[in-house]
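What follows is a set of structures to go through.
Note that chain A is present in both complexes that follow, paired respectively with chain B and with chain C.
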Partner chain A sequence: MVHRPLNRILLVEDDPDIQTVTSMALGSFGGYTVHVCGSAQEAIDAAPSFQPDLILLDVMMPGMDGVDALKALRELPATARTPVIFLTARVQPADVALYNELDSLAVIRKPFEPTALVETIHGIWARYRAQAD
Partner chain B sequence: MLKLTEAQRAELEALRRSYQAELPGKLGLIAGAAETLPARGWDKADLQAFYLLIHRLAGSAAIYGFDRISRAAAELETWALAALDGGVPEPRRHELFPLVAALQTAFSDDGKDRRVRKRASSRAR
Partner chain C sequence: MKPELQELTEQYSAALREYCARGGEAPLLRAYQLGRSAVGAGVGVLDIATLHQEALVSALLEMLALEESARIAERASEFFAECLAPFELTHRGFEEAHATMCDLNQGLERRLSAVLQDFESAQGEILEQKRMGKLKNDFISVISHEVRTPLTSIHGALNLLKSGLGGELNAQGVRLLDAAYRNSQRLVRLVNDLLDLQRIESGTMTFNMRPVELRSLLEQAVESCQTHAGQLGSKLILQRVPSGVRVRVDSDRMMQVMTNLLSNAAKFSPRGEVVVVEAERAGTRVRVAVTDRGPGVPTEFRSRIFQKFAQASPSPERGGSGLGLSITKAIVEHMSGQVGFESEPGRTTFFFDLPEWRPRAPARQRVAGDTWSTDR
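Moving on to the complex of A and B:
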């Protein structure tokens, strides 16, 4: 599989305040094209046309949570193999074990500092590409 | 650490100020929701709604740099989760309003800190 450069990020986050600062940091500081979805269903609807390189996925969302969202996204051809990073405060060992079982690329703990988030994603993507080559 | 341009720093600071301006409204909603809980018999749906308000504040406040508010909200979040899990017996009921008061104190302290830091950084230039 050819690993593309990281350009397009699908951010799935229900909190409007976190949506705002995260999309600003990723877009303005990171230079990425960001599409924000406020729910798992919005992400499932948007992913085929947006064609993200990476999905940042909140876990605790009303309705479908991030874990079920990932399973649903994996059913779509557009996102069957798209790397996913969970953004969550739920990082107990059992939670992280589940995220690993679901083959997430990484887990970024909330709360995060907006500029540090961009650097963290740069680092995760660089390691991901290096492993693929 | 990522080096931001002046324009990027200004953009982030503008967002933080906008968030800070909304904090009184958020705290008002939380205080109002807390008042509703005993009035409506500690209804589980009310507790869930209260938890969601608190959970969001705990998460977003830290990201925007309001650490005291985030910590105080996290204490309330712990209370709300315990209430959702185990109900609200008498001892737990008495814990609620001191925690809400602590959140309001944290709001005052965080606001003061940011004004002091801003004045200090203006003088340093």
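Moving on to the complex of A and C:
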């Protein structure tokens, strides 16, 4: 299977301040093209046209939460196999076990160091590529 | 009345009559035994009394015929005394036994009631403790999540500003930003430590135990903490780690333990001094020690150093949550280890002992063709 390089990231996050900090870090330090969605529904609507290489998904969001959002995104042809990293404050062992069951690549715990975020994502992406090849 | 009962009654009556008429031990004994058998066989008390009366009347008539009136009176008196004596004794014994039983019963009731009361009270306490524990865990869980979200923005924004993303600041701006960033880091640590503590106490902290090469783990820990130690003006040095030592631990948790110990040592180490990490075998165990040249642990603080929220001198500069060492202790103990420290002014060593992991020798395989031989 041929993988695209990591260029386009869909950030799904309801908190506007975290949106700013995260997208700034991803854009400035990683040079990624970031599309920010404030809700799960926005992400479901935007994903087919944006065609992300990676989805960064918050869990606690009003309306549809991140877990249900992932299930819905998996139903879309455009994101059926797109790697997902949860970016969340909900990291109790039971939560993490659930994220793993849901076929997510990794979980990044909030709060995180934005300056180290790109490096963390690089590491996760490299492992993902190595396993997939 | 059944025929066999009728016969027994007649024998009893005959024995009574004989005794009433002539007296003597043998008839009395016989009457007594027959009387017991009659009572045992179901002859009622009234029937027994009637038999006694008939026997007495019969004996009286016999005696009257013999005109032995004096003897009649004497015999009647003896008869009643002897007949009533066993009943009287039995009755008294029964009353005494009953009284004793009542006393015992009351005593038992009192004790039982006290035990029940204690049990109910203990049960109530346990339920209350469980309820409070759950409430505390829920509270910490909710608060930490609620705090983490705004903290992600605050800490993230400060982190980006420090990276120079917002442009260059003047000296005062840098000082202010450093103070804000340092304290946001402190809050992040506190929230993370609180969550860890809650996981430890609720038994939900997971441990992925695997045999790990100790040297590489310590090298990794020293490397990852070196920058932080450098910012505090000290240097971490790894010395004397016996080669080939393996320990069965959760690597991430082990890193957490080392980070806690190294960051503490660096915090208390005087600027320009080194913090030494070393390990040595001690029998079946291995000891990892972190030594700094700081002022030492105050004597009055030593007994509670591993307790939650324990800090010898809380200071924003040092920025600890007071939970690090208690978490370290809990993690090490969960991995079958022990923590301790030795301290004097100018030299403090925190250490932990872990069982050295050795692979089991493979069991001897029985190969095809092997046979068991026996000496005969």
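Heads up, the rule we're going with is that the second predicted complex is superposed on the first by the 133 of 133 C-alpha atoms of A that agree within 3 Å, B and C clash if a C-alpha of one lies under 4 Å from a C-alpha of the other, contacts with A are read in each partner's own complex, and residues count from 1 in each chain.
The rule is short, and it goes like this: contacts are C-beta pairs under 8 Å (C-beta built on N, C-alpha and C of every residue); 3 or more make two chains touch, one makes a residue touch a chain.
The shown structure was predicted, so the numbers you read here are calculated from the model rather than taken from an experiment.
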Touched partner set for A:28, first chain B, second chain C, both or neither: both
Message: One more residue to check, A:15. First (chain B), second (chain C), both or neither?
response: both
* To do: Please indicate which partner A:93 is in contact with in the superposed arrangement: first for chain B, second for chain C, both, or neither.
  => second
- prompt: Does chain B (first) or chain C (second) touch A:60, or do both, or does neither?
  reply: both
**Message:** Quick check on the superposed pair: does A:119 touch chain B, chain C, both, or neither? Answer first, second, both or neither.
**Reply:** first
| message | For A:38, using the defined touch cut-off, is the partner it touches chain B, chain C, both, or neither? Pick first, second, both or neither. | response | neither
| task | In the overlay, answer first, second, both or neither for which of chain B and chain C A:110 touches. | result | both
Dual-contact residues of chain A, meaning touching chain B and chain C, are 15, 17-18, 20-22, 24-25, 28-29, 60, 89, 110-115
In their shared complex, chain A is touched by residues of chain B numbered 1-2, 4, 8, 11-12, 15, 19, 22, 52, 55-56, 58-60, 62-64, 70
Listed in rising order, chain A residues that touch chain B in their complex are 15, 17-18, 20-22, 24-25, 28-29, 60, 62, 89, 110-116, 118-119
The residues of chain A that touch chain C in their complex are 15, 17-18, 20-22, 24-25, 28-29, 60, 89-94, 110-115
The answer for chain C against chain A in the complex is residues 141, 144-145, 148-153, 155-157, 159-160, 162-163, 165, 188, 191, 195, 199, 204-206
